[in-house]
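Each of the next two complexes has chain A plus one more chain, namely chain B in the first and chain C in the second.
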Partner chain A sequence: MAIHEKHLIRPENIKTHDNLVIDGVDVSGHWSTFIETRVVTDYNEQLQDEIAALPGGEYIHRCWQCGSCTNSCTVNAINPDFNPRYWIYLIRVGMESELLRDKEIIWQCVSCNKCTYACPRDVVPEGVMKATAHWLEMKGHTAPSNSTIFDEEFTRQVVQTGKIEDGRILMNFLKNSKQPLFQDWLIQMVKQMLWHLPIKYLMGMGLATLFQPKTKSWGKARAAIEEHIAEEKAAERAALGLDAAE
Partner chain B sequence: MPDRKEKYKKVAYYHGCALEGTAQPYNTSTRAIAKKLDLELVDIKNWNCCGAMEVKNVDPEIQTYLSSRVMSLAHNNMGQDVVMAPCNGCYHNLKKAEYDISHKEKSREVVEKISAKADHPAYEAGQVETIHALDWIKYGYGEDELKAKIKGGLKGLKVANYYGCMYTRPRHIFPEKDQGGDSESTSKPHYMDDLLAIAGAENVEFPLKTACCGGAHTLSDSDTSTRLVLNILLAAEAAGAEVIATECPTCHSGLEMHQIRALKRMSAETNVKVVYFTQLLGLALGLSPRKVGIHENVSNSIPLLKEKKIA
Partner chain C sequence: MSTKPVLIVGGGPAGLAAAHSLASVGQKCIIVEKKDSLGGTPIHSGYAKLVPSGEWAKDAIGGMVDRVTGNKLITIKTGNTVKEFTGKPGNFSVKYSEGKGNSVSAAVLCTGFTHFDSINKPEWGFGTFPDVVTTTQVEQMISSGQGVRRPSNGEKPKRVAILLCVGSRDRQIGREWCSKICCSVSANLAMEIREELPDCHVYVYYMDIRTYGLLETKYYWRSQEEFKVKYIKARIAEVTSDGDKVIVKGEDTLVKRPITIPFDMVVHAIGMDPNVDNMLLSSIFDVNLEPNGFIDRQNSYGGMGASSREGVFVAGSATGPETIDDSIAQGQAAAFSALAIANSQLAAAE
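Up next is the complex of A and B:
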């Protein structure tokens, strides 16, 4: 008998025997594939509460495992290991060690919200994915993902000036994520634009990169936003049992 | 809502960051259409970023505050009751802020707290109505009126209408959609199809209208985005489209960037062109290619549009 949903079982837990005799019966061939028995003892009973304490994770307790999220998921369609339903299950039962095996891909949620649209229980799986990715980083299980590096650079600019500027975001992101500025696709894009772009437009882009666009009298809003973010971050760290300072 | 024609005739225009940067042609063509159709766009003075797709990942309430400040400016400083945002990101965030402020105690508290500290009136739910450029043209000008105004049009141009994620999802932030009649559908949106059909385009049956281009990770997880975009480009070509019409700066620049990246990194060549729907509509209204910023796109649609005698 073939094992369906084989991708949910780790390859090392699938045992296939070329020749196998059980109780005197030769079960070689179709009947020789087994899933390794295992006993889980290291539950983290706080896991669901910790995820629920982070923005986006609030409604994880509503999940009844229908699988609509994974079924509708954009990323799952190109990588079957990306499985929101399964991760929500692991979090709810506290199987932290199992969750950690997928720690390098959870951040890849593209926030298309197809899951949120499909979910009959308003779990907001998109939010749970974000909360889980942040949890992994805050607990030190993973380094900040490229997504986090991008979000932080973007937010830093908005908080500082009220606005963003595309060119500056791109350059700072590539620098912060240690990627070369001269990407083949970027060079090709610039080439294609130079073909037919008016000089005026190019100069405008150059000026925007040099002189950052700003919202006027933004200072008070900026101070209030920074204060709020600091308070929220401290509360999140406290909820995860981490020291106040990073 | 028969009063929408009057209501949308003069709107607060929130173009946002992208339309000053990579999405200039969307701004150029939207303004050119307004002028042509005699609809008044009043710029929101001293606006700020809505938070895009990033700020919420750092702090969701700050994103709500940022979007609420824009709506507060429109209501309190300009006396406007309609904000028109052509960018799907801005449109989505303003709608989301509206929902959160009316449904979530914490969002309301944070908006009130920061607005007070920043010395401006806090936005209150219901003070403005946020609409997309599609609503603005469909109802502010009117479909019959548009039909009468089209010159030559987009005859013979095969178009795949691409709406992306943020225009329809999540459903709860768009209470006016899925209401039957001619309201917009979140599962199979049609407003862009409607307008471009009036403009003479031949809309193809495109199954990926609301698929995701991976825009949130266009730079941070480019390989995933390239694969998602390639799906969209290939599906459009398979449906017979010559052009993909867009209504979102993130989708538009994502399609342009990853079309090139798919060729460079995956040797996957696609030839379908990427054009903002406002550019197509502008051309159909008799505006020159330069007026709608066709030459500002990375995707070069000029030869195709010339061949079709549209540009």
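Up next is the complex of A and C:
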């Protein structure tokens, strides 16, 4: 019998036997390829609450599975395995093992928000994707993505100085994400800047990179922001059942 | 008015509403009820809070019983059934099982329904595993004050599954109708369970959800948004047990994946069957049944509650799955139709 839903077969469920004899009949060969049914044997009852505790995931419980998000999705048009409707369902009923199978695809959301406008129940699927990617990182299922590494450096500078300094962000991002500093595109960009930018701006940028000026009287604001971030992080980690310290 | 009384068969919500309506305009009537007390299924089956009012059945329906009890225009014959019904509109002759009889101007059949007996779906484990119960039993656990407990060991369940469409929309067992109210009742019970036992997770297995009209927000979404009840699109194939947990097997159709999930309790959302006595009622009152076995209604455009026999009216879940609110409305409407017959007889006498 033909297999109608080949896309449901995962490689690890295919069992091949080079030598197999059943009831005295040798059935070795390509037809002795067996596909094991994957059965869901339990629900993780905390999953929906955990996603809902992260920014963007708050409205996941409103979903009625109409598929408007998947239908309007930019990424889904390129990769049919990128299916926000499906992941929202898995999270809502607590099928964690199924969700984890797609952990390398979920973060690919480009945040175009077409789903947000298409959603008739105001689920904000884009936010749910963000929260889910965040959840996967916090739980250690995926390594921090480049965008997370970038965000961390960006935020660190804002909190420290009240300002951002493009050169340093770029350098630290490349360092933290273990990428070489000398990227072809970067060298090209710097050359173009040296050629085209007025000398005044170049000097300004150079000084800022070297001395990292701070916003005036930044100390109090910085303390307040740091306190707030610490509180939020602690709340998120507590909601996910993780230790308070990172 | 000195007309002949109107006969009301059945003392549930429809019958109580019909009787009260008739008495409130001075028309005499007789309620015949086969059970020993009035109230109908909501009382006799021990319902808890009603959908959609949220009032306790014993208060809401109990109030309707109190309203007719002691009314001089209403004669109540409990523990009684109709044995013979002959004659024509304005002048029917009735004989009761107690032996006596009298003449009446019209009759309203408010004979209700019978709960589906889950034993007829053996694959879902009712009668085999003690922790498989019906919505009616959960209603009783709540209304008795005992609380929702596993029948096998009296413990609080940690995880409950509610299976919808048990005895409804099932061609295999000859019940193709939707019982209309079980989705909302189940959502209501799920919320009551979550309220009593916040640590208990409730999963509803459905084919589609029919919390129609305004019930959509009040039950379907409220149960999900406020009470975190989970809805899973799967018609369960079988219910088994490992000796402690009840194991539910099926296919989650949205994921296209087989599921085998353990539960502490499984609740059958049982449907509404035609009253088991409908064949008998059909022959006594000479009224037709519709193909599913409920009492057939004539079209509603000319007058409410007409059956196939002139002068005999029908109201409530005798006509098909019906809510309590609509049964009451139909009881009142049928009472008005019956009153017209009683009054035309009065006009003819004058």
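As a working rule, the second predicted complex is superposed on the first by the 201 of 246 C-alpha atoms of A that agree within 3 Å, B and C clash if a C-alpha of one lies under 4 Å from a C-alpha of the other, contacts with A are read in each partner's own complex, and residues count from 1 in each chain.
Rule of thumb we're sticking to: a residue touches a chain if its C-beta (ideal position, glycine included) is under 8 Å from a C-beta of that chain, and two chains touch if they have at least 3 such contacts.
In this text the structure is predicted, and so the values were computed from the model without any measurement.
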item: First, second, both or neither for A:Lys139, with chain B first and chain C second; value: neither
item: Which of chain B and chain C A:Lys103 touches, first, second, both or neither; value: neither
item: Of chain B and chain C, the chain that contacts the larger number of chain A residues; value: B
item: Which superposed partner A:His17 touches (first chain B, second chain C, both, neither); value: neither
item: Chain B versus chain C as contact partner of A:Glu165, first or second or both or neither; value: first
item: Chain B versus chain C as contact partner of A:Thr215, first or second or both or neither; value: first
item: Contacts of A:Val39 with chain B and chain C, given as first, second, both or neither; value: second
item: First, second, both or neither for A:Glu232, with chain B first and chain C second; value: first
item: Those residues of chain A which chain B touches in one complex and chain C touches in the other; value: none
item: Residue numbers on chain B that touch chain A, as the complex places them; value: 17-18, 20-22, 24, 46-49, 51-62, 65-66, 69, 110, 113-114, 117-119, 165, 168-171, 186, 211-212, 214-217, 219-221, 224-225, 227-228, 256-258, 260-261, 264-265, 295-296, 298, 300, 302
item: Chain C-touching residues of chain A, taken from the complex the two chains share; value: 5, 8, 37-43, 45, 48-49, 61-62, 65, 86, 89-90, 92-95, 98
item: Residue ranges of chain C touching chain A (in the complex, touch as defined); value: 159, 201, 203, 221, 224-225, 228, 230, 232-233, 252, 254-262
item: Chain B-facing residues of chain A, complex; value: 55-56, 74-75, 78, 108, 110-114, 116-117, 124, 130, 134, 145-152, 154-155, 158-159, 162-167, 170, 173-174, 177, 184-185, 188-189, 192-193, 195-198, 201, 204-205, 208, 213, 215-218, 220-221, 223-225, 227-229, 232
